[in-house]
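For reference, the structures are reproduced in the following blocks.
Okay, so subunit A shows up in both of these, paired with subunit B first and subunit C after.
Up next, the complex of A and B:
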């Protein structure tokens, strides 16, 4: 029923999202409109309007990873500029906002802390409630909002996470995950071995090298049930790159690394789809931008008569609007985070969040 | 060739019911996956076909209930095995309300897993769908199996089963605890269970940046 029919007034929520759990700092603003004004009906998905989504990335020199201390310094130095940019882009003032959403975790301690501090300060100056958001749930909700996927199996792949997730009973349940390091971490570390630039991201540069590779080098392939393991592949290929550099080109190594690791991911995703009987798959997280991964996932889905949903760099790489998106959904159901509980946590599992906004 | 009836289309194999030499049998045909590199695909399909047959035979040799291997057809990547009737453990659990009866079956499952591991057979994909309840539980689906003496591999094997229990059967913690209790039969099993603790901890730690 429309608002006119029920006589109810539409409810609007404008949420600011702050994200800085790793080396990207993002600020986003989202507007949700509930036409009947009652977000109590969990079936109802609000009309979502994107107002701003700005980001700045801290990149260490080639051959180096990013250190928490340096990332936090970057976030502290950049956040006010990004905040002003987001408000200007949205043509809004702080008075137009209803809540301030920030990443509670998981992530690196110092960067998370630096952003949470800004969130707390803004909340007190502007007298707006805080909403602490789980980073992984942010990725999932943004992916659902952008692609329109209804109830997909979610593959979440990034620098710190590798999980196959499916929704059931108000929880995003983890069906499969890495038994050791995350896929993005494995790619980043191999990029460091090859001294590839960190700009725009190590994974992007591996992808470009892989496009020029053609010779498939056999690497360890480790799938256990719906879980995967990457640490063995990493030590194996690091050794090849260091000791047999004359035999293998960096292009072929990158190509074989991608082919092997992505096949493992597609395999466990397919197994989860078969297990729960779903035909949709949504890929989120930074590694989800990789076109070869999307292509392989598409091939698998096609063979199952299913469909792949993926987003582009604006959304699959860490961003502020995804935090605003997930935060606004929780806020509409009355969820807020009091100042005394506005701490951050490096470990915060996806399945610890009560997903009240879905049935 | 006898008539084949498709009974299950899995993620990587089609499973048919058929008859061989007057015996009801299962034909498990692995198919190639176009998304992966042809060389990798060939290696995985062939490797898993052979490994499954090898592990099934090894189970039989050591008195662990598993289907008989009738024939391995490498050409068509098909494994012919004995047909085992009965519900899967998953179906059995959802159909049973008797806690005593459930506990007793979990004891048997724990003992069987212990025997399997003491002969260094790692199943690789333990779930409640991969056990059929006949006279006693029969293990199937050894495609991801390997032979390994390491406590780490055995612990991960149990961890995979634990995760399957939790995600498939809500509130099944006590059932799985019973499986582990029955598994703890000697010092080697103790070492595996200590290792399982470490594997679980790794699971927590895993949740870092994203």
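Up next, the complex of A and C:
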């Protein structure tokens, strides 16, 4: 039915999204259009228009990781410039916005806090409601919106998180996860051992090395039920790289590390698919842009007559528009975060969010 | 709670009371870590933002005020750019 027939008025939501839970600072603006108004009882599927998605990454020198204090200083120094850039790109003024979405967690405390401070201040200056967003849910909603995946098993793989997730009853439920460090953390730290550059990202450089590797070195394969563990693999391969460097090339080590860890992820993802009876996999998070991971997932999905959905670097690496996307959906259902409740939290599990915009 | 012997008070002028109030509301949300060793409160007095820090040791006070200044500068720069 058209808007004229139902008598319902169209509704538009323009949301600003601010993300800075790790070393990327992102500002995004998204517009959602509900031609016949926001439906009361159905899943929200607005028309989505991307108006801006800008990002600035803090990269330490090769061999070093990023520290919360330095990342926070980067975010503080960059955020106003990035906000102006996003507004200019969208050709919008603050008057055109309806809400300000920011990452409430999980992530590093000091960087999260820096971004939240700006979000709170903007919310008061522009007299707009704040919407606190779970970072992981941001990834999932952006992935769904971009790929059009209907009801996928979600593999969320990044520098801080490794989770296999499936939706059920207004919750993104965690089916399996890492028992210790995240897969991206493992890759980043191994890149440091090899002194690979952090630009554009350590994981990208590992992937390039892996493409040139051919000899598979057996590494510990640690799947425990639906969960995985990466810290032992890291210790093992670090030792090989340091003490037996003459026997193994960096290329072969990168190749073997990727093959082993990705195979573990394929195994638990496939089990989750079998369990919920889904034929779709959606890969989100920074490690999700790894082409080899997408290829291995694709092969598994194909054997199950299913399909893998993935996004490119604009959306799978942390970004501002994903926060705007998830925030705008919650906002359409009436969710806002009062300033006094707008604290940030380093721990905020994916399944703690009530997904009111789905049925 | 035992007395916190060291204290510092900062009075930061804003161009008007409403901006000082915005800064207060943005800054007072985040809890100070190690809460029994150091306290930081913000208040508005006219067009002034008044920050008071009490601490167990001078070091605690210095660290808290340093962190507070980083946040304050970010808020004032945001106000400057968009208010």
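Note that the second predicted complex is superposed on the first by the 356 of 359 C-alpha atoms of A that agree within 3 Å, B and C clash if a C-alpha of one lies under 4 Å from a C-alpha of the other, contacts with A are read in each partner's own complex, and residues count from 1 in each chain.
In this section, a contact is a pair of C-beta atoms (placed from the backbone, for glycine too) under 8 Å apart; a residue touches a chain by one contact, two chains touch by 3 or more.
Treat the numbers as computed from the prediction; the structure is a model and nothing was measured.
A.B. asks: When the two structures are laid over each other on subunit A, do subunit B and subunit C clash or fit?
C.D. replies: fit
A.B. asks: Taking the superposition as given, does A:84 touch the first partner, subunit B, the second, subunit C, both, or neither?
C.D. replies: second
A.B. asks: Just checking: does A:340 make contact with subunit B only, subunit C only, both, or neither of them? Give me first, second, both or neither.
C.D. replies: Only subunit C; A:340 stays clear of subunit B.
A.B. asks: With the two complexes superposed on chain A, say which partner A:285 touches: subunit B (first), subunit C (second), both, or neither.
C.D. replies: Only subunit B; A:285 stays clear of subunit C.
A.B. asks: Any idea whether subunit B or subunit C touches more of subunit A?
C.D. replies: Touched residues of subunit A are more numerous for B.
A.B. asks: Touch check for A:106: first (subunit B), second (subunit C), both, or neither?
C.D. replies: first
A.B. asks: Looking at A:120, would you say it contacts subunit B, subunit C, both, or neither? Reply first, second, both or neither.
C.D. replies: A:120: touches subunit C, not subunit B.
A.B. asks: Once chain A of both complexes is superposed, is A:158 in touch with subunit B (first), subunit C (second), both, or neither?
C.D. replies: A:158: touches subunit B, not subunit C.
A.B. asks: Angle at subunit A, subunit B to subunit C, CA centres, as a multiple of 10°?
C.D. replies: With subunit A as the vertex, the angle is 120 degrees.
A.B. asks: Between subunit B (first) and subunit C (second), which, if any, makes contact with A:189: first, second, both or neither?
C.D. replies: In the superposed model, A:189 contacts neither subunit B nor subunit C.
A.B. asks: Now for A:94: first (subunit B), second (subunit C), both, or neither, which partner does it touch?
C.D. replies: Second partner only.
A.B. asks: For the superposed arrangement, tell me the lowest C-alpha distance between subunit B and subunit C in Å.
C.D. replies: Once the two complexes are overlaid, subunit B and subunit C approach no closer than 18 Å between C-alpha atoms.
A.B. asks: Taking the stated contact definition, name every residue in subunit A that is touched by subunit B in one complex and by subunit C in the other, in rising order.
C.D. replies: none
A.B. asks: Quick one: in the complex, what on subunit B touches subunit A?
C.D. replies: 10-12, 33-37, 39-40, 43-44, 124-127, 144, 156-157, 159-161, 163-164, 167, 170, 199, 202-210
A.B. asks: For subunit A, which residues count as touching subunit C in their complex?
C.D. replies: 72-73, 76, 79-80, 83-84, 94, 113-114, 116-118, 120-122, 124-126, 339-340, 342-344
A.B. asks: Taking the complex as given, what residues does subunit A use to touch subunit B?
C.D. replies: Interface residues on subunit A, with respect to subunit B: 21-22, 106-108, 135-136, 139, 156, 158-161, 169, 173-175, 177-180, 182, 216, 218, 221, 223-227, 259-260, 263, 266-267, 270-271, 273-274, 285, 296-297, 299-300, 303, 318, 346-350.
A.B. asks: Which of the residues in subunit C come into contact with subunit A in the complex?
C.D. replies: It comes out as residues 22-23, 25-27, 29-31, 70-71, 73-75, 77-79, 81-83.
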